[in-house]
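First the structure, in the form of structure tokens, and then the observations on it.
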Amino acid sequence: MLQGCNLECVRGDRRLFRDVNFSLEAGGLMQVQGPNGSGKTSLLRMLCGLAAPAHGEILWNGAEIRSLGGDYYAVMTYLGHLGGVKDDLTAIENLRISSALGGIEIDENKAHEALQHMGLGGRELLPAKVLSQGQRRRVTLARLLVCGTVLWILDEPLTALDTAAVKLVQGLMERHLEHGGMIVMTTHQEIEITAIATQRLQLA
Amino acid sequence: MAINWFKYSSPASFYFLAGKMIPLFSIAAIVLCAVGLYIGFFVAPTDFQQGEAYRIIFIHVPAAWMSMFLYVVMAMWSGIGLAFNTRLSSMIATAIAPTGAMFTFLALWTGALWGKPMWGTWWVWDARLTSELILLFLYIGFMSLQAAIDDPRRADKAGAMIALVGVVNIPIIYFSVKWWNTLHQGASVSLTQSPKMATTMLTGMLIMSLACWMYAIAVVLIRTRAIILERERHTAWVGELQGATP
Amino acid sequence: MFFWIIRRDLLLAMRRRADVLTTLFFFIIVVSLFPLGVGPEMNMLRTMAPGVVWVAALLAAMLSLGRMFASDHLDGTLEQMLLSPQSLPLLVLGKALAHWLVTGVPLVLMAPVLGIQYDLPVDALLVLTISLLLGTPVLSLIGAIGAALTLGLRGGGVLVSLLVLPLYIPVLIFGAGAVEASAAGLGAGAHMSLLGAFLLASLVLAPWTTAISLRISME
Amino acid sequence: MKPRHKKLAIIASSVTALGVASILVLNAFQSNLVFFFSPSQVAANEAPVGKSFRIGGLVEEGSVKRQSDGVTVNFVVTDTAKVIPVVYTGILPDLFKEGKGVVAQGKLANDGIFRADEVLAKHDENYMPPEAASALEQADKARQTVLVQ
């Protein structure tokens, strides 16, 4: 269970938000909404432990995430709006390395399968710099297929994707939620995901 | 004790407390400096081997002591700020750096002025002089790093890292005259041995050190107040302050 | 995981060979410029050689420091590293090691050849190479701290030199000193054992410090 | 390896590395990392041969002799065990006196005379008025006379 208590975020001189509270159970989806500059990305970076809240605490199963350290990172996958795709590496190398960083080492075949599933069949051996924006996004999202973590924190996962890919990713998320996973995400698009508990967190 | 120390760790109350303390330390610095210089120039006797030229010791040694001492204090406050996320201690560390750099520069400069007539050279690359020069570079690095970072929280923490890494240099400076054969002489004053100076000379030097210390405290407090105002300019209490003195 | 990172960085360096070669050529050109500037007097060149080679190595190492984390920072890989369940200091150690393999080792291999330009005797060349072998990893390890602290800052390149060069001074003194001592017939043992001590201490402390610095810079 | 064991292994190897590092530092300090060499070290062939280096010690009492040209000076540096004769042409620092500390940079010639390019005075950390110094000296002499008797 992921909980946020009285979270406050300050960027420079500006207070982006304060008193943000939520609680996310197994199978739950939380959609963070708000206009540009309202602190969505900042909140997500706090939730994954990259940034510390100016005030308040974030709990994973009752323990402060910063005190959990590596144990928390082992159950959580964060995909930021920077995809972490290296221009000079091929799609398959990118996927294998990024999932190894996440703690799961996968072999060539498994990476191949995942990329195929994401609709990148035949392009696995191209360097990422020749791929289109949408295709690079797919390489990033392919990590979700192999990571095996419970909590997904996704910052604008659907940007640059075509309708087919959006459907694909939505299906992926639905399956994850059915299996008791949790998702925190931001998006400006309308999404159609059925989950046992969907909540919206509105940042002013 | 009944004093609530945490009360003074908030920038606002520290601002007012510092305001009251600055005049005290400034006056102490001026008086001690006057007394110290009087003793140094008029009371203390001529040295048996260096004649009158040794009198630069009354500035050189206090400056060198303060340069090392302030670095340790700066690293300590930075470390506290890093470990406990206390804003005020990081602000104090930031405020100490320019004064520390000033004393380091003064120690090097007066040392050169002293070295020319006594040793016969402005500068040698012996361990004491080189490590003191590195100290100046460390201060400069600390200040430039903090100046380059816009986000004050990141600036505090990044500065703390460089300050803490640089602390290894302090024992090297202090013990360099023992560990290596340096041209620089050993310490005249230490905790374990009786001082190797005549009493009036020692008194003058200690009073000057005290004066430098008081000066450093006063300047650091003034600078900390300025930093507090700058960083807290959007808070209610600073707004009231501006309203009160238009 | 440690080896994954090294392999990845070496792979990236292979695909961007130009970056690696620029550093190496910078080193070669700086070292070769000195005889042109100070004239061909062999005795003077011999005394200058260790200092010149070491200063050039310092500058070359520093030039390449910016790249250590910058590209990972720009494309988001650095975020992934910070959020990895693997120990971050270990990852940093891997990256510093890869940096050394890519920038330090070519310098070490090149140094004896450049030493010949300065008419250094064979035993001095040997000492110079060994001192570089011990010293250049320290440059990468300490440099990583500076690179982490200046991540994404304006004018980071100049700033990193301001932070890192003072910390490089001991390596420079004892690295160049080793060659001078051995040329003077004193044996370089003491210098070498100090360089070894620097290497071991920075192997333990630098990755850890860099890891904290990275978390500070990414917040 | 379990994470706990891995952590222990990392800590153990770190401590070992730091330990070895300190041994190396101590080892280095027993050798010749110095600003100057003493006459005894030079006599024991610990100083560089045919290269410029620094010697340091005391100027032996009664050894300073100015040559006829007025700027060349001969003197002897001693550390009370061994001595090195030095010749130097140039201006001496004010503090250069017999019985006081000196550091000279130059080369040791084949005739065993050290040809200095630069002479620096090294003073000690004692500061006192001249009267006190002479009183100390007299006390010292008195004690020695007592010892002799």
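Details
Read from first to last, the chains carry the letters A, B, C and D; within each, the first residue is number 1.
As a working rule, a contact is a pair of C-beta atoms (placed from the backbone, for glycine too) under 8 Å apart; a residue touches a chain by one contact, two chains touch by 3 or more.
Just so we're clear, the structure is a prediction, and the values are computed from it rather than from any experiment.
More C-beta pairs touch across one of A-C and B-D than the other; that pair is B-D. Per-chain CA centroids place subunit A at a distance of 66 Å from subunit D. The distance from the centre of subunit A to the centre of subunit C, with each centre set as the mean of the Cα atoms, comes to 37 Å.
Each chain gets one centre point, the mean of its Cα atoms, and the points for subunit B and subunit D are 32 Å apart.
Distance between subunit A and subunit B, defined via averaged C-alpha coordinates, is recorded as 48 Å. Of all residues in subunit B, none touches 2 or more other chains. Within subunit C, the positions touching two or more other chains are listed as 87, 219. Touching two or more other chains at once are residues 70 of subunit A. Contacts between chains form some other arrangement here, matching none of path, ring, star or all-to-all. Against subunit A, the residues of subunit B that register as touching in their complex are 150-151, 233-234. Residues 48-52, 70-71, 73-74, 76, 78, 80-89, 93, 97-98, 100-103, 105, 127 of subunit A are the ones that touch subunit C when the two sit in their complex. Interface residues of subunit B facing subunit D in the complex, by the touch rule stated above, are 45-51, 53-54, 57, 117-121, 124, 126-127, 179-183, 185-188, 196-198, 201.
In the complex of the two chains, the subunit D residues touching subunit C come out as 10, 14, 17-18, 20-22, 24-25, 27-33, 46-49, 51, 53.
Touching subunit A in their complex are the following residues of subunit C: 1, 4, 8, 11-12, 15-16, 71, 74-77, 79-87, 91, 218-219.
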